Structure formats: C-alpha cells, structure tokens
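Next up is a structure, given as structure tokens.
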Amino acid sequence: MTFKVAPELRTSDWLNTHHPITLAELRGKVVFIEVFQMLCPGCVSHGLPQAQKVAQTFSRDDVVVLGLHTVFEHHAAQGTREALAAFLHEYKLTFPVAIDAPSKNKAIPQTMELYQMRGTPTTIILDRHGQIRKHKFGREEDMIIGAEVMALLREPYLPEGQSLADSDPAKGCTDEGCPVPNP
Amino acid sequence: MTFKVAPELRTSDWLNTHHPITLAELRGKVVFIEVFQMLCPGCVSHGLPQAQKVAQTFSRDDVVVLGLHTVFEHHAAQGTREALAAFLHEYKLTFPVAIDAPSKNKAIPQTMELYQMRGTPTTIILDRHGQIRKHKFGREEDMIIGAEVMALLREPYLPEGQSLADSDPAKGCTDEGCPVPNP
Amino acid sequence: MTFKVAPELRTSDWLNTHHPITLAELRGKVVFIEVFQMLCPGCVSHGLPQAQKVAQTFSRDDVVVLGLHTVFEHHAAQGTREALAAFLHEYKLTFPVAIDAPSKNKAIPQTMELYQMRGTPTTIILDRHGQIRKHKFGREEDMIIGAEVMALLREPYLPEGQSLADSDPAKGCTDEGCPVPNP
Amino acid sequence: MTFKVAPELRTSDWLNTHHPITLAELRGKVVFIEVFQMLCPGCVSHGLPQAQKVAQTFSRDDVVVLGLHTVFEHHAAQGTREALAAFLHEYKLTFPVAIDAPSKNKAIPQTMELYQMRGTPTTIILDRHGQIRKHKFGREEDMIIGAEVMALLREPYLPEGQSLADSDPAKGCTDEGCPVPNP
C-alpha cells in the first residue's frame, strides 16, 4: 500500500513561530495538523484541547503539532490575524498556527480545497515520510489518537535516498521499543 | 435593607432584538445579565451556557436574559458587530445581546466601568424593581443560580407608585410569580 | 389545588443519623429525598452528587436531605447494612440515609411500592407541610432543582392548627424563609 | 534493559470468563490489567471506563483487558462474588475479571501484596513477553494509555525459544506498521 504525500499547506501567514514552516522540513517527524476555525464550537471544546494534549504527550523531537486556521465562513469575524492572535493568546495555544490562504473567488480557502476537507474540526496526521495517514472530519477519541500517533512513530524510517536493504535492523532494534526513531 | 437600582446599560448596539432594550421597561421581571467577551474561555465554557439554561428554565414572562459584550481587551479581534454576530450564530445564543459602549480614552467600556466590574464572566441579577441583587465575577453553580432567581421571583412585587399599605395581600398579587401560591 | 401528604417512609434501618427520622418531625422544612441503589450508575454519577449539592446549597434549617436505599435487584450484593455503610463512606455522603424495608414476598421494598416509584434514581421533594411536590424518576437539571426547592421555601407556611385567616400576613411569617422578605 | 516478568495473578474466582485465565497463556499479546474495588470512586468514574475504552479501541487479538478486584477494605460490603457480579452487570463491564485471593491474616489480598500495589485504581500493562511495562497507581490520560499500548504492540516479538538472530527482519517489516504482531 502506498500513501499520498501531503501537499504543502498554502498559507497567508503564521503565528506562534518565527518563520513559515514547510511540511518538507518536517520529514522524519510525525506531524499532527489540527484544522479549525476560532468560532467553531467543536474545535474550541474538543479539537484544539486534543491538539494541545498531543503536544504535551509526545516529544517535539518526535511529533510536531500544527494548527491551520481555515476560515470558510464569517470571514469578517474571524478572518483577521489580530482576531486569531487574540484567540490563541486567550486559549493559551502555543503550537505554530498557519492561516489558510484565502481563495480569490471562493469562500473556501486554498488548503481546505486542496485537501478536500469537509469542515472543521479536521484532524490530519502525517507519517515520517510526509504521507497522509489520517484525515478525519469531526471528533476522535484521545485514546485512538494516542495509539495512531505512536503507531506512526514506531514505523521503521529511513532517510530518503536510502532503502531498507541499506539498513542494519539487527543493530537498530531492541526489545524496549524498536526501530530508529530519529536517525 | 435597600438595594441599588441598576443604572441603564450604556450600549453602542444590540443583537438578537429588533430594538434596544432598557432596564426600565423590564420592571416587574427578574433580569439576568451575562457579561462576557467572545474570546473569554470561562464565558464560552460556563457563563454563556448557564445564561442559556436560565433562559430555558424560566418563563420569559418571569425572567429576561440579556447578554452584555464588554470588550476590554483584543478590541481589534472581538470589537466588531460582525464578529459578535458570527459568534452568537455559531454558539446558537438567541437571547438579546448588547455591545457595551466603548470609552473614549480607556480600554474598559462604559457600562463595565459604571458597574465597576472586575472582568468576565460577570453575572448580574436584578429583582422586579430593577435593583441589583447579585453581582458576581467568575463561576457560579447552576443550583445556586436557580435558587437565587426563584427567590427573586417569589418576592412580593407591587407596581411602582403603590405601597404595601395600598395592597390587599389576600388578592393583591399578580400572575407574575409571587406570594401565596398554595395557601 | 391540594397535594398529597407523603406517607412515612417504611424503613428497616438508618445510617448517618443517631435515631430514625420521621417525615412528621420535619414539618416546617422542605425535604429532599434521593432514592437510590448503590449499584445504580445514574445514581452514583448524577443523583447522589446532586443531593449533596442540595445539602451544601441550602441551610439545614430550611432543607433536609435524606437518602433512601431501595434495593429492588441484586439483593445479595447491595442488601446489607455493611455494604451501604461502606458505600456512603467511600463516596463521602453524610446526609441521613434510610434503608427501605424489604417486602415479604416481593423484590420491591415497601416504600418503593407505597410511593409507586418507577426505579432509581427517583427524586422526591416535600413542602413544609409534608406534601409531595415533586416525584420524578431519572435525571433532573441542577438549576431546576435549585429553583424548585427555593419556590417551596418561599411559600407561606403556617404551623398546623392555624389557618391563613388566623394570620396577619404583615408579620405572621416565620424566619424560616417565606413571605415578604423585602417589602 | 530488562523488565520483570509479571508473576501469575493469585485469584479465588473469575467472572466474565468460562475458565480461569493465566498470564502465561496470553504471551504474544499485550495485557492491560485494571486493578479496582467496586466501592472506589476513582475506579468507577475513571479507571474502569478507561479499561473499557482500551477493550473497544484495540483488537482482542492484540490486547487483552483483564480486571482484578482487590478487596482490601470493606470486605463485608464488596467481598462477595454476588456483589461483584451485580456491579459488573450494572456497569456493563464485559471483560474477564478476577477476584484477588484473600490473604489469611491480612486485609490486603495476595496479588495486591505480591505486586506491591499502593491502592486502587492501579493500571498494569504487560508486553507480549509478559513483562511489566507500566505499573501506576491513580489516574492516567487516555491519550497516554493509547500511546503506551500501541508502543508495546509495535515492539518486535519473537516466540519464546527463538532469538532475534533467528529471525529475518527484512521479511517481516513493512512501511505500514512493522514487525510480526501475531506470530
């Protein structure tokens, strides 16, 4: 089975980071993307607290949590950088958050369309190769998220350009946990 | 004991109502005022759901629920009518909501200063005479709110201009709530 | 309208009290009775915490909270005084709790049958005259309970043997709650 | 690093299973043991619902959930098989539950002492080799449990009697998930 490599997010701005982040630069890590709108009740009550919990449960060396603010309604209300910055401040959300780039002729912003998302909250999880391994609209249990992220962390990972045949599994693997999380 | 009659709210706009509402016109009813900001987590998770529950528990003939949006920080983010309208729509809040009139030289809006509020959420309850009977910053139990509102509903109420001496308690009480339901 | 005076509870034992309690001796107070079984999940998660909240919200001089343990299934498991005592201890329930007297030929104990209860949890509220004013099977909102108890507290109450005609409403009411608190 | 192989549970009875279960027969699976008392509020509100969630999240082929009822207080109240059976029935707990064998001279039952548990709830997780990998008294987050169980599932596992050198890791591992879950 092969999975689709996630296309880069199309963003107009970033908060909680000093520079824009590309998915390409995160290869080797699992990436958890929480897609939200600040006026979406399900995002506020469940999706964003869950993303925070992911950031607290896993090491930043292993898992990177990103937010993506996809304003597809109430643009006047939630479409400004100031509004989003205030929201992140009040809700004490500290992971990097991108603003989905608005489309010229549509309400739906560019990344939302590119990924064919159905709404917010949407949870997207990428494996160490940048492949989309989960793409779900709506609520998910914490226990399932914990298991899925860990499953991706424990997949064998070889930096690109190498093949499994190049590696020496006997060296990398131990009973304690298994293969080569951060080569 | 005497209580202070609540001064009129100083508002710049209203939502969820066809016309501005004065406290004066609500004499004879208990008034429950939920003071909030749309980016205040405690308001979103507790204060506003409680105000909705008050609106659902008591008859509109007895208790009027009002929201007051007092933007004292993040003015750019939550200061517009559009932002508030979108918020009320998404959170399905249907009671009338006033926007506290901004002050000329201060971050704190006019009603917030007039009432000397300490922050959001703040709960203010007025008796049938428009007197302030509760004024509390922070979280309150639903059971206590239920008891306090009912206690005010069951106080004897005489339209202004009449005194107790004018009334005949045996028959003087109105439909609005009040005394001797089960003699 | 007239209400039915609650018949005395038929009990085989009491906990959290030095002597058996009769409803007759509680005339003048509102009585909140939480009917439960220790192995009933809805009682443990909702009914009993609500009864505790009633006990904490209102003064003992005004409102008496009683528990009634009505074992109508799993008699071997929850039918002993020891089991109930352990349960009350672990859940830190301190209000008096009666054990519903077992029936000779039926699974359903005597008070449960006498009151024609439909199951547990059941909430029964008596007014100052000992009349049944609420009798509900299942879950109820805290705000509604708060309002209902306060409504009963604010009803005029005359010690038995007196009639309203005997009283002088301007001064006839007692300290316990009741009419004209803020004329 | 080596881990201690969990000693067999010392049990006096089992529920929700047709025959007593040994840890030895579960080699090759991850084992999640929820240690509880039916009158322990933290077990009822958090530990047991979490154990149920583990049973629902993971396949029985991979993870076996066991309960262990360790009565170390209120023996009269919760010490009978009937009481426990009624409790499991009312709370709809369907995984196998063992009763910790009582000690002759002590309140603390045998397995509880053998494992040096500090109280209830206690969560114990064994890897596919039957080794104790988690042993925690008190509350744990669902997300952490999900991650820990999955981490153990994704460890390489060789049936006993084989060594890593005997295996051919190149055959067993794929990108999708990795090594030898159920040999």
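All chains are identified by letter, namely A, B, C and D, in their written order; residue positions are counted from 1 within each chain.
As a working rule, a contact is a pair of C-beta atoms (placed from the backbone, for glycine too) under 8 Å apart; a residue touches a chain by one contact, two chains touch by 3 or more.
Note that the structure is predicted; figures quoted are calculated from it, not measured.
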Most distant chain from subunit B, judged by the mean position of its C-alpha atoms: D
Subunit A and subunit D: spacing of chain centres that average the CA atoms, whole Å: 33
Separation of mean Cα positions, subunit B and subunit A [Å, integer]: 42
Between subunit A and subunit C, centroid-to-centroid distance (C-alpha), Å: 53
Sequence positions of subunit D contacting 2 or more other chains: none
Topology of the chain contact graph, where touching chains are joined (line, ring, star, complete, other): ring
Pairs of chains, among all present, that meet the touch criterion: A-B, A-D, B-C, C-D
Of all residues in subunit B, those that touch subunit C in their complex: 1, 3, 50, 53-54, 57-58, 127, 141-151, 153-156, 164, 169-170, 179-183
Subunit C partner contacts - residues on subunit D that touch it in the complex: 39-41, 44-45, 73-74, 76-78, 80, 82-87, 89-91
